[in-house]
Each structure stands twice: as C-alpha cells, then as structure tokens.
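Here it is, the structure, as structure tokens.
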Amino acid sequence: MLPSAIPTPEDFYRVLPEVLWCGFGTLIMLLQPFVKNRHFFTFLALTGALLGTGLSVISGAFAGPGFHGLIESDAFSVFFHLLVGTVAALVVLAADPYLERENLAAAEFYALLLFATAGMGVLAGAQELLTAFVGLEMSSIASYVLAGYRRDSLKSGESAMKYFLLGSFATAFFLYGIAMVYGATGTTLLNQMGAGNPQSNLLKLGLAMILIGLCFKVAAAPFQIWTPDVYEGAPTPVTALFSAGPKAGAFALMLRIFATVPAATHLWFWAFWILAVLTMFAGNLGALVQTNLKRLLAYSSIAHAGYILVAFAAVTYMTSDLNGSAGPAYAAVLFYLVSYAMVKIGAFTIVSQIGGAGEKHLSIDDYAGLGQRQPWVAATLSLFLLSLLGLPITAGFFGKLYIFKAAVESHLIWLAVIMAVNSVIGAYYYFRVIVVMYMREPSAEMAAAPLVRFPITVVLVLLFTALGTVWLGVAPNQVLNFILQPTLIGGLR
Amino acid sequence: MSAQLLVFFILAALSVIGALSLIFQKHPIHSALSLIVVMVALAGLYLLMGAEFVAAVQIIVYGGAIMVLFVFVIMLLNAGLEEHTSISKMAGFPGILLALALTGFVAATVARSAGLFVQVAGDNGKIPGTLSSTRELSNMIFRNFAYPFELTSILILIAILGAIVLAHREN
Amino acid sequence: MSNSPMLDYLWIILLLPLLGSAINGLLGAKWPNKVVNTVALGATGLSFVCALEAVREFFANGQAFVHREYFDWIVIPDLVHGGSLFRAGFDLQMDQLTVVMLMVVTGVGFLIHIYSTGYMAHENGYYRFFSYLNLFMFFMLILILAANYVLLFVGWEGVGLASYLLIGFYFLRNSAADAGKKAFIVNRIGDFGFMLGMFLLFRTFKSLDFQTLFANVSQRNWPHEPWGYFGTFTVACLLLFMGACGKSAQLPLYVWLPDAMEGPTPVSALIHAATMVTAGVYVVARSNILFLHSTTAMTVVAIVGCATAFFAATIGLVQTDIKKVLAYSTVSQLGYMFLGCGVGAFSAGIFHLMTHAFFKALLFLSAGSVIHAMGGEQDMMKMGGLRTKIKWTFATMLTATIAIAGIPPFAGFFSKDAILLGAYINPNGGHVLYGLGLFTALMTSFYMFRLVFLTFFGKERYDEHHVHVHESPWSMLGPLVILALLSIVGGWLAAPQLFGGVDYFRAFLNPVVGQLEIPEVIDGVAEHSMEWLLVGVAVFSALLGLVVAYWMYLKQPGKPASLAKSAGPIYTTLLHKYYVDELYAAVIVAPLMWISRNVLWKVVDVEIVDGAVNGLAHGASAVGDASRHTQSGNTRSYAVWVVVGAILVIAVVFWVHLQPPVVGMVR
Amino acid sequence: MPFGLLTVLIFFPALGALALLLLRADDHLWIRRFAMLISVIEFIFSLLLLAKVPVSAKGYSLDEFHTWIHIPPINYHVGVDGLSMFLVILTAFLTPISILASWSSINHRVKEFFIMMLMLEVGVVGVFLSLDLFLFFLFWEVMLIPMAFLIGIWGHDRRIYAAVKFVIYTMAGSILMLVGIIWLYHATGTFDLPRIQEVLASDLNLVDQRGEMLLFLAFFVAFAIKVPLFPLHTWLPDAHVEAPTAGSVMLAGILLKMGTYGMMRFCLPLFPDSAHRAAPYIAVLAIIGIIYGALVAMVQPNLKKLVAYSSVSHLGFVVLGIFAFQNISMQGAVYQMLAHGISTGALFLLVGMLYDRKHTFEISEYGGLGTPMPKLAAFFLFAALSSLGLPILNGFVGEYLILLGTYQTHWQWASWAALGVILSACYLLWSYQRVFFGEITHEKNKTLPDVSARERWILVTMAIVTLWMGVGSAYITRRTAVSSQTVIDQVNPERLYEGTAPAAAPPANGAHASVLAPGLVKKISMERRALR
Amino acid sequence: MVPTTYYIALSAVLFGLGVLAFIFKRNIITIFMSIELMLNAVNLAFVAFSQRTGKLDGQIFVLFVIIVAAAEAAVGLGIIILIARNRQSLNVERVDLLKL
C-alpha cells in the first residue's frame, strides 16, 4: 500500500509555521520589484514571522507525526518554533534601521531570513535525518548569504566565505554520519533506530560524525573556530540571528537525536563532558583578550554553548543512568536557550546601533562613558551583560541555575565546578564592559559625536528582550511550566 | 575475480586517481576536470550497483550542470595557477597527517564493520528491477519524501536568491 | 532608705569625676581657667567627700563587706539552665583594702588637682588637662571599687588610657607622643597576660566576681600548688602578675615608666607614682587568695619585685634628670611592694603603697615645684643651691627624701621595714631577697640624697640671668605641706609592736589579705631581738646612703665624675638604663616592623597572595592570548581544527569507556 | 496584609531608589535630602524590629512565606531572629550615616550615587533576612553590583582595578556557593533553610562525610572571601582604599559581616560535623589573620589601607569566635560584628573627612593635625580606642567575649589571638601619633578646617552609639542569646562544656586540674561520627 | 558481486581525500570542489548501503544531496565571485582580515 501523495490537512497544520514563513518569504520576493518602500517589507516580514510563530500553537494542537513520520509536531517542536519565530521577528525589527543605514536591499534580506527561520523550524520538528538535513541546509545556505549581505564590506564577504566553506565541510561530515547510521540501522527515522545494534562501530562512528556536524553548528570547541570570525564579519542583526536561531535549531536536533536514539545516549556522556569543558574554556579565555565588543560577544556565545553542553552531559548521563530522569536537564537546555537568545539578540542589537554607519564603532573603548551619554542604553546593555554573567533577577541566572542543578543532580560535581570557574572568568570580561561604560570617560571623538539614535523598532526589540530578561529572571514559572510539561519531555523519550 | 569486481577496481582506481589529481593539479580547471573524472567513475559504480537513475542524475546534474557551473566560474574569474602559499602552519604537515589519520580510521572502521550492515533484502544485494526502481524512486520522492522534496524547492529558491544577492553588481 | 546611703550610691563617687571630665572636655575649651578649676576640683573634691562619707558609713556598719550591683554590663544568658553563662556586672564593692585605696586615690588625687591648678596655670589646653585628670580619677576609682575582674579591667585599661592622654599632653613634642604610646602599648602587653589570666580563672571557676570566686577558692579546699607545679592557680596568677608588671612597671615591662615623665609633673605624681602604677600591687593583693595557692607565683612575684627594686635603683644612681631619678625610684619602690606581696606580707606591701603614695607624690610635686621654679629645667646638673631660694619646697622635698630613705620615724621607714622583715622570714630564699632589698634601700637613700644635694645644696650651676628662681604659689605649696605631714605621720598607723605601737593597718586589712605570721623565733634568735637587729641594719644602711651621697656630692664634688670615669662601661650601662630600650628596639620592634613591612606585606600579601590571584588572572589572559593564535584567520587552519575536533570526538566515543564519576552523595 | 514589616524593610529602599530615579539629575540638594529621608525612614522601620521581635523568641520571627518559583521550589521566605535583627539595624543605621557623609564629597553623578546606596541597602538587608537559600544567594549577588559601582565610579585612582577585583573575588566564591546550594537542594529537596535544617537533622545519612565537607567548603569559601579570611583578603585593602567614604563604611561596616553571618547561619548549623573537623584549620587561619592583619596594618603608609587591614584583623576575631563553638564566643562574635561596624565605620568616616580636606591618604602627608583640628582628633582617638578594644567602648565587649569563650576550650587559640589586642594598640596609636601629634610638618595643613556641623553630627552619633554599645551591651546580648544558642545547639548538640554549675568544684582525690585541657572538641566529633 | 564493504571503503577513502584536498588546496574554488568530492563520497556510501539494504531511500538521499549540492554550488560560487571581486585573489590564505 503506497502512501498517499496528497498530504492530509493535518500534515499541513503540523508544518503551518514553516508554510507561513516560506510563504511570506516567497511573497516578499514576489512583491520586491513592485514596492519601493522598505518599511513595507519590514511590516510584511514581521507579520509573517509573527504569524508563523503564533500559529505554531495550531500545529501544537495537532500533535503527532506528520508526513509519514518525517516530522513530529509536539510541544518540543512548538517550543522551538516559538523560539526561532520570535528570534526572527526580533531580527526583522532590529534589521530595519540597520538595512536602511547601510543602504542594503530589504526584501531579499527578509526573504532569506524567513527561509532560514523555516529551515530552523524544520530542524526542530524533524524526526528523520534527511528532513533534518534539508532543514539544516535551508538555514545554513540562507545564513551564508546573510553573512555576506554587506557585499561591499571585505569583512562581510570573508565572513560569508569562511562560514560557507567550513559550514559545507562540516555538513559533509554530518551527511557522512547520516550515511553510516543509515547503513548501520537501515533507516533514517529516529524512532526506528533502536533496531540497530547499539554496539555497532559503524553506528557509533555515524553518530559521532553527526555530532561533529552539529557541534560545528552550535560552535562547540574545537569546532568553534569559525565563530568569532563569522560573527564579527556578518552584519550585526545577522550575527544576532546566528547566535540565537541556528544554534537553537541545532541544539534541538541534538536533543532529539541524543534523547531518542538508544545507541546515541549510551555513555556518550564523556564526549559531551569533554566538549563542554573545552568549549567553556575556549569561549571564556578567548573573550578575555578581546577588544572588539562584537567579537567578545561571539566568544561569549561559544562559552554559553559550552554551558549548554554541560546540560547535555547531564542529559546523556541521566539517560544512561537507569534510575535517573533527564527531565530537568532537558528543561535546563531549553530554558537556557530562551534566556540566552533573548539576551544575545538584545545585546547585538545595541552593538548594531552603536556601531554606526559601516559598523565602525565596535571597539569596547567606543563604549566608554556610555553610562553618562546614554544611560538607558547603557543600563539595558548592562542588564544583558549581567544576564550573560548570570547575575540574579536576570534570565541568565536561572538558565545557569538549572544547568548547575542538572549537573549536580547527575553527580557531575566537577563539571559544575569547572563551569563555576568559567562563570568567574566570564564575569571578568562582561564586567569589564560595564566598567568601561560607567567608569571611563568617553574618548574625545565619541564625546563629540552626536548621540546614537534608537529608532522605534530597535526600542521595541530592546524593550522586549530587556523585559523578557527580567521577567524570566523574576518569574520564570510560566516558561518553566511549559518546558517541564510531561508531553514535552516525554515526547522525546 | 569476477568481471564486476574488475570493473569495480578499475572505476575505484579511476576515482581515486581523479581525487588525487584534484589535489595535485595546480590549475583549478584541471582540478575541475579531475573531479568530473571522479564523478563519472562514481556514476559507473552506481550503474554497477544497479542504481541507473542515480547514475544518470550524477552525470547530468552533477557532472553536467554543477561542474559546468564551476568551470564557468573559473573562466569568469579568469583563475590562474594556484598560488602556493603556506601561511597556515597548521595546514602543513600536521594537517595532512591528521587528515590521513582520520581517513585511515574511518576507512578501517567501516571496513571492519562489514558484518554490522543491516540487511533487509537478503544477501544478494540485488535491487528489484531497474525500471520499477525508478518508478519506486519517484513514488518515494513524491509520497514518502514529499515534504523534504517540497522543501528543496525552497532551498533552490534560497540559492537563486542568494546568488542574486551576492553576485549582483549594482550599476 | 538604707542607713548607709553613700554605700548604696557608691557609683556617685566615681561618677563625679566622670562628669567633671565630660563637662570640662566637652565645654571647657572656651571657659576661663577658673571655671574649669571649679568643675574639676568640685568633682574630685566632692568625690573625696563622698568617699569619706562612704568610709565613715563603712566603719559605722562595723566594716561589713559592701557589695552593690548596679546593672549588667556584659551578660551572656544561659538559656538552658537559666541564669547566665557569663556576667560582668557594673558591681562595686567595698572592703578594707578598698578603703585604703579609696582614701589614697581620692585624697592624694584631690591634693594633686589643687596643685595642678597652680602648676598648669599657664599651659595651653588647661581644660583638656583637667578633663583627662578627672577621667583618670574616674577610671582609677572603678579599678579600686570594682567587684569583679572585668570591671576592674575597665579601670585598669582606662587608667592606661588616661595615662596615655596625659603623658602625651604635650603632643606637639614627639617624645611625649612616643612616651604616651609606649606606655599604652607596654601596658597592653601586660594586659594581654591579665586577660588570659581572667580567662583561665573563668574557665576553672566559672566566675570572675571577686566574692564568688574567692569564696569558691577558700571554701572548697583547692589544693595548694607546690613549687614548679603549673596548675590553674600558678598560671592564672602568673598571667595576672604579667598584667601587674605592665601596669606597675616591673621587669621586664618597666620601660615605659621613665619615659612617662614626659607628661606634666602633677601627672607623674598622681598617675606614675601615687596611684595608677600601684594598681598592679593592688591586684596582687586583691587576688592574694589565689596567689597564696601557688608557691611558684608568690616566689616569682617576690623575685621580680626584688629584682626590679634593685635593678631600677642602680639606674637611679646615675640619672641626672630629676624626674627620671624619681621615676626609677618609683619603679624600685614598686618592686618593694611586690617583694612584700611576694613574700606574703601583703599588708606590708599595701602599707608601702600608701606611704609611697604620700612621699612619692610629694617628691614629684616638690620636683615639679623645683622645675617650676627653674622655669622648666629638669637637669639636676644645672641646678644647685636652691635651698635658700625655695624654702618650702626644700623642706617638703627633704621630708619626702627622709621618708623614702627609710629613716625613722618617717613613713617610709615603717613600711619598708615591714617588707624587709617579711622577706627575711620567708623560707624560700628569703635571705637573698632581704639582702638585695637592704642593698636597694642603701642605694635608694643614696640617690635620693644625691638628688637633694645636687638640687638644693652646693653651688648654683644655672645661669642666674636667665632663670629667675621663685617659690611656687600656695596652691602648689599647700598640697606639698599636707603631703609632707602625711609622709611623716603616715607610717605610725602601722607602727609595729616592736616600738610599742599597735599595727592598726595590719589588723585593719586582716579580713582581706592573708597575713604573714611572724614567727616567735627567727633563725634561732628571739623574734624581738632579731627585729631590732633588722631595724638597726636598715636604718644604718639608710644613713650610710646619706653619708655616701653627702661625701660624694658635697664634700668631694669631683668624685662622681672620676668614679664614673673609672667605672667606665658600668657607668655608661647604667646611664643608658642597661640598654633595655635599645635591646627591645633591636630584638623585638625592629625585626617585627621589618618582617611586617618587607615580608608580610610586600612579599606575602603583594607577591604571594595577590601575586597568585593576579597570576591566575594573568595566566588566564595569557592562555586566552595564546589561544588567539589558533584564531589565525586562515580558513585552512580552521579546517584542520575541525579535523582535530573530529578525531577527538571519535576517539572519545570509541575509547573512553570510563564510568561517570559519582561524588560524595550517598542518596 | 500579604507583606509584612520585613518585606517593607527589604524593598522600601528600592522604592526610594525608584522614586529617586524620577528626580531631576541636577537637583543635587533634593536628591540628597530625599535619599536621606528614605534611609532615615528605613532606619526607623528597622527599629520597629526591636519592638516586634520578642526577646526570647526561639526560631524566626515575623516570617513571611510566599511561593515564588515552582520548579525548583524557590520561595520568598524571610524572617528575622536575634542574629539578623541587629545586623539589619546596623545596616539601616550606617546607610543614612554614609549618605550624610557623602553629602558634599560626592559631586558628580549624584543621583546614581544615592540610588546605588539605596540598592546596596536592599541587597544587604535582603541577605540578612532571607530564609530561603536561594533568595539569600540572590540578594548576595544583587548586592555586588551597587557596591562595585560605588567603588568603580566614585572611587579614587585605581578604582576600576579595585572594583573588578572585588567583583571577581566575590563571584569566585559565590558561584561555588551556588553549586553548593544546588547540591544541598539535591540532597534535601528544598531551598528553605529551616526545612533543610530539619531534614539534615532528621537523617544523618543524607550526606556522607566527604560530601558534607565539600558542601561546607563551598559555602565557607564564599563567606571567607567576604569576611575576608587570610589568605583570601587581598581584595579588601584595594577595595577600601579606592572606595569613596560611604562605600568604605558600608563595605567594612556591613558587607564584611555578611560573610561571618553566613558562617553562623549556614556553615555551622547545616554542616556541624564538617565545621568541627575544619574548625582547627579555620581557627589557625583566623589567628593568622588577626596577627597578620595587625602587623601589616602597622607598616602601612596609607591611612585607609591601615584601617582596611585592621578589619582583616578584627574579623579574624569574629571567625575565631564562631569556630570556637562556644555560646560566649559566639555571642562575642555577633557583638564584635556590630561593634566593628560602628568603630571601623567611624574610622573610615574620619579618614574620609581627612581626605576631603587633604586629598590624600598618605600618613606622611599629615602630621600634627591635632592643632588645627582638635575635634576631629578627639573623635579619631575615640574611634581608634573603640577599635582597639578599650573597655566601656564597644570594641572591648566583643573581643573580650570571643577570647573568653574561645579560651574555655582552646586556650592556645585564645592566647595567640589575644596578641592581636596588643598589636591593635600598636598600629592604631602609632598611626594616630603620626597623623595628629607633633608639630605640623606641611605648611598647608595649618589651615585645614576642623569638623563642620554636619560632620559633627555624624561623629557624635557614632560616638554615642559606640559608648552605648560599650556600656549597655546586655541590651543586645540578651536579644542575640537565643539565636546564638540555637546555632550552638545545632553545631554542638551535646553541650559538653557549658555546665550550669555556678562554680566548678575542685577535682576529687587531690587530682589536679590541668591547664592543658584535653581536646574535647575532637572527642565530640568522634562521637558524632561514631553515631553514623 | 562486489562486497558492499569495498564500496564503503572506497567512499571512506574518497571522503578522506576530500578532507585532505580541503586542507591542502589554496584556491577557494578548488576547496569548494573538494567539498563536492566529499559529498560524492557520501553519495557512494548511500548508494552502497541502499544496495545492501535493498531499500531505495538511500538513492533518494543521493538525489537530495545532489539538489543540495547544486544549491550550495550556486550560493558558494556567488560568494566566490564576491570574494574575487573584492580582493582580486582566490587564495584562501589571503582572506584573513578577520582573525584573533
């Protein structure tokens, strides 16, 4: 009995966000020759992003496998759809003044952004490796283009080239991994992989290769090497997207694989342990010596990937420990991704605004005296930095807390301690930025320059992210309840 | 040695030689041609395995379209002989050694896991009739894998869009 | 209402000087001297009157022990059993010993206040001086009225503070400031011992109230600690004695007292002669029950006292500063008092304390009068022949000298004799102590008469054009005269039975201090004849000192110089006070400062601790900086890193099969 | 009423800071007045505690409980006992004092300054009142930022270095404490302090010995850094020297106490066995700190650094008192915390006043100041005396009780620590002499003005409190008795040493009480271990 | 009949050579080609496994990989053109503005 060629309506509901994102992306492309007003596209893209995000609730209502089990609509995927959709909407808002300032085409940018978001959405819902691969490529290829979007800038082009070459390189690994897993298990459906012999070296190797590919995407050391360059060179709103969106998607897939495939969960914990430690140190130590804020934030996002990997180590440990429940560890990952995405987008948006035309003012020294010149901006950036640092009443604190908790509950005390040490190193460079903003006098050039304007869209982004950061830091209950609902975690197992 | 095996070895040798040639050719156009050799050799192997449709696509799309694109770009950019710089110390001896190590390990692992391959259709490995195979392929693409297939259209759209954005020269 | 109101309100006695101090200190700056006088004298005078009244009531009540609790000062409630774990109340008590001290402190203190109004009349900071002086009175009264060690310690430290302030009264002079600081710090060293002593007592007896503690000791038959046994009593007493050494300037903590002469002379008289420095003796006497439980402690007290007496006297022999001579004399006499206590003759020690208060205060005040007359000159070598110019001063000074030299029937004779007798009959090396004490008496007589001769006799060695010698006002002479009278008759209170007297003093103190029974037969000789012999020897030695001084300083004025030359190193050593200050500076202070600065601060703190911290920070930065080089910007290198990562991941997946660690949790 | 006095106490300054935000930034006078008003009202609120907390109330009073976060169960649980009550009052007292002290010396970014002061108060009061471990940690961290800003913005030349050092040091400790807190939560299933105590007490096997020690250390190190205990103290001199006067006062007066408070509140009751095992080492560190801090203070050429090092020395006493596990010494430690807050606070105020006049902390730049400014000199002497522990001033009571209590079980510790009593006299009097005595060596110093009316008010207030605490200590010790007894009971359930017997009896059969008492603590610890 | 292992081994070798080429080559276009080589190796593996398992989805993958490769090629060559225009060099080692 052949499956029907016509997908059922339910199937469409389950991929509604992707459909909407792709649809709006296409729509924007179609309208591009006819509409000159760039704000119109902003509006359209925002509508699309938000619509897709909002309607992911519908796909959540039709929980279950779709398209013959290739994708799965569950709370988990809804969560990630909400996340990447919100990220996309925020990036749209943040990009509007940026594109205008840098005189870049708006329509294509938004279209690519929406396609990339759709790719991430696919990644989040994928239950099958090929679908995941296509989703990954959607987001990746769009990302390559976005990274090089400032064509006139040497750095932007270089960023795109590095991202593209190394990204494809890693994708090849990922793909090879899929091939081996397929060879070892005869299937690419995640939930059928249990059939394979978990002791099979081929399966191990395949999963390792997949891990390598994903680690590249989430910038885990020693695959993090591309991150600072690409982040620095890419247009700043794109950097904001990179640090939040694709990472979330990749982590989503990683969670699915390493929570679902039995062979993948068995004693993989050392790999995550080592990767986590390396990543944390690589990010934090690298950030210590940075003078460019954008680059510093890039290193910091490496470090945060490391923290998330700590939770992964806990996840894998828990699943290998028969009595343990990995629930809190999953929750830690998810919560962290939310809090982190919010903060990073906010921070990069400010960097994007302060950077000025041509992104000339990226050095930390350019922020000297910001506390006096633009107190609200400085306060907001400080809030983000403190959240990254993990100070209480910010989202970052709870994020870190849950990871610590997951690590401690998995008896990974030393990992927790190493993470603590890294938090302290991190505190140093985040705090240094705050110090510069508040405790240094501005340079003569910056003092003479007019105040940086913050258009309404950017203010909206900042308002949303800042309030979200505080909200998650003060009352994380709702988000936690959502994350911890049994269907979300149970859906994975 | 069976004829199939012989053909396999010839094609395998061809592909490896092509790959090596890709590496050692100085001019990109030569490298591109070497890659085409590899692709053709692989297409032959696909045929050997009975995957005619894939072999055809390999030749037409890969060897034809994509590689032509490469050659076109090489010509467009008027790329000359490869500049032989060695700025990266990492990519010198240690890099090559590491790459070889990786290759060796992967090859050894897969070679030794012969018994671990999942087998579904018996040991003969014969794929049911080629004609039906293509038909089944289309069935699978449009039924089982309809969703990713639709997604690839978006992917192509992205690629077009990207190419325009990147290569488009304003005025 | 009680029929003894003053005893119920004992705190008034000490509150008055405090009020005086506070009023003068806070408001006196803008007042004329007269008002300041009125307040200060009023406070002390009233306090003296109240003390008299209290003493009267004490006697009227048949010398019953007085103990009044006013409020809880420090209290740690015991919540398990009720009551308190530790209580240091603001409790005052009065017994015979207190009476003696109270009379001495308020009486002499009042006299010196009067004297000061004359002496300090032309000084800046007049109000400040009286404020400090009253403050001193307050603390001294706390010290003697306190009913527990902790409150006593308040007075103890408080008088140290007052002493610090008064020594440093001329704070523009660095030497004065130094001396004040030195006094405080050396006292603190003693207090260190005192505190530990208290702690040990509390640990053993669970109380620091005199009444409770002494009752416990005397009623519960704590065993006596023989020589060489370091039990609670011995250790506690030695620690307390350490505090006494600091306060009463005994070896090896005496060094501050001579320097304390930087303060105004009335201060020297009051604090550094009559009252504060005797606090150590008072504490030892107060704790006599404890000391009597330990042979070791008693012996140490006796030895230290005797040694100090001797040692300070030798230094006194050669000093030329009139106040320094008196200072060493004070140290020496304090040694005597301790000798008395140490041999068990507590009442003799206290008696000497009292007589000493009279004549030493007198000596200082007279010396002050001399200095006043000489316009601030203190070097005896620049005086001489003052006898005729300041007659009253001379007369009083001579009285005091005779008293301190131990010539009967002046006060010093009786008290010193009692101590020497006590030493002589002490079975533990008493003869040695006696011998040293006697020799010290000889030296005392010598240097005191030397002082008198140098100052009042012989040729005038000062420039008459610049110094206008004049007699002091009656505000100063009055107290001198009163004290002179006391120096003469004070001793008769305890005229021994030998002279047909009744030892009132001893009998009076009997309930408080353990008494030394004078055996019927000493060394096989009947007691009285032996006593006569001892008295004779003592008087002889005093007279001998007088004669030698006369011979050396009046008959043969060149002799001292030539003697000094021939004695060479000994003389220099004495002149430099055995180089003890220098020794302390070289052995303790300098190394401590050097180590603190160059090792602890600059090496341990800056280099090691901070260095480690900064080193960690720098190390992290260095690693960060080093890791930069992996970030070469070269895509090929990056690719290699990806390969490295791939190999790493594969290697871990394939070869790391360790079980995850489980740390520390059983659950 | 859903929220009670304690909530008001914690958040009232935050409200004030928020309101302050609305004032015009250039209206300095009203900003100052308003901040002063807020802090004074807060002080009055804090005094209400005295009335509302019964003297002999066991456990926590006025506690408020609101659920906050479900997973993990984090609650807003605050309460007060004798221990925290006075620390809160001290905080509320020193804040207006500091604000008054900054009245004219802070002239730029005035609004931010006072906001930071009030936020600091929020954090500190929160730390003292939290009964939820998590809440505690939250306030602990929140307090960090305003303090860092106070140092970093309004500090002196090397302010940034000092601020960063302060933050990093504290973070290093506290993040480990966070791990410890989570571990503890993992073991007990709750963050609620009273609940954790119950759980730990009811099930001795909950945490094994090694685990308990690790937990103990995780907490202890964080607190020890804050105290600061040798050798974790090097941030303190830097922070103090660079901080503005108000910052120094708050830092020395209150922030350091958070460390010792934490030890009493968490280290001892939660991990009694480990506390016993670690006590000898900690005591040694405390004693080293006492002596070392004093010696280093002695040779400081910088007056403010001298006072800073003196804090190291004084806080060493507190730690010693805590780890002697004696009610007397524990009470002494509590008292010393309060006393040190006042006396060292006063010293810093005075040093700040000197700085306002002369713009230097170098002792060599001063000298002979007693002549132009007798009042300041008098106040300084008063503060110095209270700091060096002169009886009837506040410093004595704490020090004395600590040493007395410690001596009861560890005479060696007390003896060594008592050396600090000598040394404190050395460095304080010596520096006093160098600053105020002698002839004036610098011409400019001759015309320095004496204390102004505002400064006099500050100093008089401090002096009165100093004196009152020195004389009326029983008022406080009666109120802290229950709490410290509770701590002792938790750490030392057997209570072997403190009998009721008003006076010990002499040993029977002539056997003699030796001064060298056997190590009773060791015995207890072994007994406890045998129980497991 | 050729054992699947042979194909897989060949694919591994080709993949490795691709990796090697990526590291070894300097010209961006050639580096991109080496990626294509790696993808080809993957394809070989897919087809081989597909033959082995007798399931067709392996071949489907190959088709998808080819589509993706085409898309990548379009974008990649676009990027290469961008680089070449901006820098007048195709040597990947010369493109190192972003570093440290």
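Note that the chains take the letters A, B, C, D and E in the order they are written out, and that residue 1 is the start of every chain.
In this section, a residue touches a chain if its C-beta (ideal position, glycine included) is under 8 Å from a C-beta of that chain, and two chains touch if they have at least 3 such contacts.
It should be emphasised that the depicted structure is a prediction, and the values quoted were computed from it without experimental measurement.
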| item | value |
| --- | --- |
| If a chain touches chain A and chain B alike, it appears here | C, E |
| Assembly fragments, chain E aside and the remaining chains unmoved | one piece |
| Chain pair, B-E or A-E, that carries the greater number of C-beta contacts | B-E |
| Most central chain, Cα average position | D |
| Remotest chain, chain E as reference, centres from CA atoms | C |
| Identity of the chain that, by mean CA position, is farthest from chain B | C |
| Length of the line joining the C-alpha centres of chain C and chain D, rounded to whole Å | 35 |
| Distance between chain centroids, defined by C-alpha means - chain A, chain D (Å) | 44 |
| Centre-of-Cα separation between chain C and chain A, whole angstrom | 77 |
| Chain centre separation in whole Å, for chain E relative to chain C (CA means) | 95 |
| Touching two or more other chains - residue numbers and ranges from chain C | 617, 628, 630-637, 639-641, 643-644, 646, 650, 663-665 |
| Residues within chain E bordering two or more other chains | 8, 11, 15, 18-19, 22-23, 26, 31-32, 48-49, 52-53, 55, 57, 60, 64, 68, 71-72, 75, 78-80, 82, 92-93, 95-99 |
| For chain A, residues contacting two or more additional chains | 130, 134, 137, 141, 144-145, 148, 151, 160-162, 165, 169, 180, 183, 186, 201, 205, 228-229, 413, 428 |
| Chain-chain contacts as defined at top | A-B, A-C, A-D, A-E, B-C, B-E, C-D, C-E |
| Contacting residues of chain C [partner chain D, same complex] | 29, 71-83, 85-86, 150, 153-154, 157-158, 161, 164, 168, 171-174, 176-178, 180-181, 184-185, 188-189, 191-192, 195-196, 198-200, 202-207, 212-213, 216, 220-223, 225, 229-232, 235, 592-593, 595-597, 600-601, 604-605, 608-610, 613, 617, 663-667 |
| Touching residues on chain A, where the partner in the complex is chain B | 2-5, 7, 11, 15, 18, 22, 25-26, 29, 66-68, 70-71, 105, 108, 111-112, 115, 118, 122, 130-131, 134-135, 137-138, 141-142, 144-145, 148-149, 151, 160, 180, 183-186, 195-197, 200-203, 205 |
| Chain B to chain A touching residues, read off their complex | 106, 109-110, 112-113, 116-120, 139, 142-148, 151-152, 154-155, 157-159, 161-162, 164-166 |
| Chain D partner contacts - residues on chain A that touch it in the complex | 328, 331, 372, 386, 390-393, 397, 400-401, 404-405, 408-409, 413, 416-417, 420-421, 423-424, 427-428, 431-432, 435, 438-440, 475-477, 480-481, 484 |
| Interface residues, chain A side, partner chain C - complex | 161-162, 165-166, 169-170, 173, 201, 204-205, 207-209, 211-212, 215-216, 221-223, 225-226, 228-229, 267-271, 273-275, 282, 284-289, 317, 320-321, 410-414, 425, 428 |
